[in-house]
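Handing you this structure, nothing more for now.
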């Protein structure tokens, strides 16, 4: 097996005294969608924040394409190829849609490449092109989520971390967002680590999944296995 | 059927943005109703306008037969309306019991002079308030020993319950719950839903919810109002709303019937 | 399509135009109100012709107000920028101004001691002043960055009162540190701006006839110079923030630090740079302040700091254009109140009340328009 | 208080049990002995203070601690004060500033409203008695410096007692007047506006010598009357006895030292009781609630306006009473006393002791007052005596007498305050004796609290109050 794009080995993260991640290990291979499911407070967002360097693990190793990024500051990690679409979207409210997308390509100085990427984003999200001069803060929830993902794509990362992309969205939009995630993989080969409350929908689009419970991985397997695992069904699918 | 809360053509603007546009709403006494709609449609703004945090630019809001437009939020609470918040706004550095005691503010008759002089009346009022708070703690399904914990140290689901206990301490006739099951897993959601029904059945409190979880909304509500772009686009029983073409287009989506499972 | 191109010309002309409108607008409004008052009060006064006195004083009062306005505006920028990125009022900003002033004045005193200032013509004198301003910028900017690193950075993420109280501490500490340094080296703690060059000379503008008496309207070279420095700095800062990559990074850090980091921006570096820029502007203003008011002492930063903060709030804190407008309005108001309070009230209330006046305005603004004159609601953080 | 016993460190544990109580008593007696040996020794005074602090921290029953503390404060200090009245003066000032700090603590610590102009309320009380308790009323038409001397005061001296409640009312009223316009302001804005308010009061005190002379401007008002002492205290026989004890002549002026010391302690005591009881009442909970989240508090029925105004009024009231007392004690009042530095120094007391913690604030007030009027002054004296000699500064080799007088430590209060504030904020923001609440915050449980930390950054008060 070739080197995974992303690899976490026994990662421990703390918030002050609170032991939030108690030895998380996982891998994401190229072109895969891997989802991390778990209840609120299990440490899903903490895992993503640890990967992108917003939090620093006290123990363990995070590797991107085989290189350790455990003690690399977040802005360097972005440069190395991780795009993180944070929980709550993190759209810059006072910047226009275009400026928000520009921020995604902050590190890119090549105009031609910039134009190529932004074309691609508008291809995936035609709605953003319609709203190009609008301020980020005036977009609807669904549009903001699209903008956040689009901005992540502007970084053209080796792996895209999506944190609760369906949070707070109406059922109609949830469906649309998951369709887009599926398209990203199928048409653009994007590697994605997806954190979701909505386990049902996440498992529909993912290749593999991990279950996180109070800071520990308790279960892993293919998405299909998970969808039929009685424990998963009882705890996360609510059927 | 008597109406406890009535909104007549209520409009709220922020600068040029019309967040709530001429919304009419009637909540029957003793009912359980929901307000649903896409994110940013103006649901929370409606709650904020009802509870006096915002003042409506136009229209009238009547609670229990009396207009409450322009009334201070604390006065409205004293009239018998209380709420919870979308993103849980407990007093994080106060204990659980203290949180509930703040909720009982309007119902605790102790005064500052009484506190300074340690009058008998003060002591009695404090003692009674404490006992009542303890009772509420148990009522919403929290363990007895939790009272002395700091609110911030509680897990999410319990924080939601403390928030409901805090609201109940004001002895409301009407309680407004803003996305009360957001971030809960299916089991927690189910037991929370049971609690909402208990509030109405045991205590006779009128319940209004904002909710995204269609399972909760469809399962518990007697009437549903659908808001989109600040306007009410539909209203009716769950069955009516579920099949309303405009609601499907604006909110539920084509697969409405099949996706009504656990989409929050 | 090239989406990312900035028009540098536009980015220079726009703030210049705004500045001009602000100056002209506030000057006209405030003068009109004053003249109206004078006309109204005229019949009640037999001792002096109050309208005539008002008119005679007016040009000088306007020029004083505008130069003061520039200084407030430049200092206010520091508050506004730091507030923009950290939502924190840097109480010690006035002390950066003070350190800058001392640095510039010390340099000029030293130059004077070398005998080079005495003979300076206008051109050379300008060079020396510019050098002093630059040194003030370097010292104050460096101090601001150091302060941020040592005292504020450890407190990031703490409850809001915590950094504010630390900033008050920094302010006090810096005041007495300078006092100590000056006392230890010079034996006393205040210094005087050396007099040199032809700055006291006046440039005649025009003469007006008032009741047959000609009144010369002239402007001091000193005032012209202060205005030129002010314009250059304000325009340069606007360009930096609106038209450069650095400016874009600053603006995005101001809106959302975590997300900015996820865009590949080194947030710590940007915050340090913001302090550097704000501090440097403060230092420049300090030297200009010393030039204008001659005396520098360790406690001199407090009042301009407070006034500039008022100006920033007046214009809408966090808004750079707002700081320019707020500074102008406050400078003019203060110069008018200092000149006319006493005359209009027959000496009952002196110029000392101008500070009370400034605070009164601050309170009124905060009550009726807490977002300031130009502050929009869109900039609030979610 | 008993909560301390549980977290006692090893050193303090030796003061537990009956033996420990005896040990503490011995320490107190030892300090007393040192003080009587050399009443002027700074070290002895600091040891006395350390004994008081020790008594607070040792693991003993509250009654025992109270008894030991009372022994030192009510017996030892006055007894030694006979020989060195400076001790009484320090005690009086500690009482004054501790009361002020407790008042500020109501506003900042309990209600979370940062007030940087708090000294203004003290000024209101002080100027109130200064105006009515002096001859200023006769001078109202005269500019400063042109005074005719009058033989009588407009009001009898015993009116002082009347003016203590009046001072409370006036300051509370000022608190409300300040409170009204700033009700809607938050955090940093409030800080700046209150700072402005403090400056306004000072500027007014400085300038209200015209058009009518109310404050006598920068020169200040003097003499101000002191309340008459009861006959039995000024009895010559008593004075003679005391003189014999003290080994120096004791006159009525010395008696005033005792009088103000005890009166200050009395007011401080009452203030402590009131602050404690309010903190543990519905009002105290409301203060904490608006400090934590004002939107939620209002939604729970807490009236924002009234709750904030009571905090301002009660906080101000404490210092109003002390202002009257202070004016009488000094017999002189001038704007200089009410500078921004004074406001900040009271804030330093509150922060150093522990925001919201009553014992902490009192302790903070004691430390800062000692620093201000005793330690720095003593160092300055030391320095000036060195300046008389011919010695040189070690290492630098500069003769002491060449050292500029501008370098007196007493002139560098701001330096120490500043340093203290910064260090406290970085290393111990909860203060020396943290409030119960702050302590709870530090001992949060692990376990399920992960979520709260996880979502903390995302809970933003996105709703703003319309009113």
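Quick notes
To keep things simple, chains are lettered A, B, C and D as they appear, and every chain counts its residues starting from 1.
FYI, contacts are C-beta pairs under 8 Å (C-beta built on N, C-alpha and C of every residue); 3 or more make two chains touch, one makes a residue touch a chain.
Computed from a prediction, not measured in an experiment: that's the story for all the values here.
When the C-beta pairs in contact are tallied for B-D and for A-B, the bigger tally goes to B-D.
Comparing mean CA positions across the assembly, the chain most remote from chain C is B. Note on chain placement: the centre of chain B and the centre of chain D lie 45 Å apart, centres being C-alpha means. A separation of 55 Å divides the Cα centre of chain A from that of chain D.
In this assembly, the C-alpha centroid of chain A lies 32 Å from the C-alpha centroid of chain B.
In this assembly, the C-alpha centroid of chain B lies 49 Å from the C-alpha centroid of chain C. Across the assembly, chain D contributes 444, 448-449, 451-452, 458, 460, 462 as residues in contact with two or more other chains.
Contact with two or more other chains is made by residues 155-156 of chain B.
Counting partners per residue, chain A has 40-41, 88 as the residues that reach two or more other chains.
For chain B in complex with chain D, the residues that touch the partner chain are 44, 48, 51-55, 72-75, 77-78, 82-83, 85, 87-95, 98, 101-103, 105-106, 108, 110, 112, 114-116, 118, 122, 126, 129, 149-150, 152-156, 159, 166-167, 169-170. Interface residues of chain C facing chain A in the complex, by the touch rule stated above, are 1-4, 245, 248-249, 251-252, 255-256, 258-267, 378-379, 381-382. Against chain A, the residues of chain B that register as touching in their complex are 17, 37-40, 155-157, 182-189, 212, 214-215, 250-253, 255-256, 259-264. Across the complex, chain B is touched by residues 39-41, 138, 140-142, 166, 168-175, 197-198, 200-201, 235-239 of chain A.
Of all residues in chain A, those touching chain C in their complex are 52-54, 73-75, 78-79, 83-84, 86, 88, 90-95, 98-99, 102-104, 106-107, 111, 114-115, 118, 135, 137, 151, 155.
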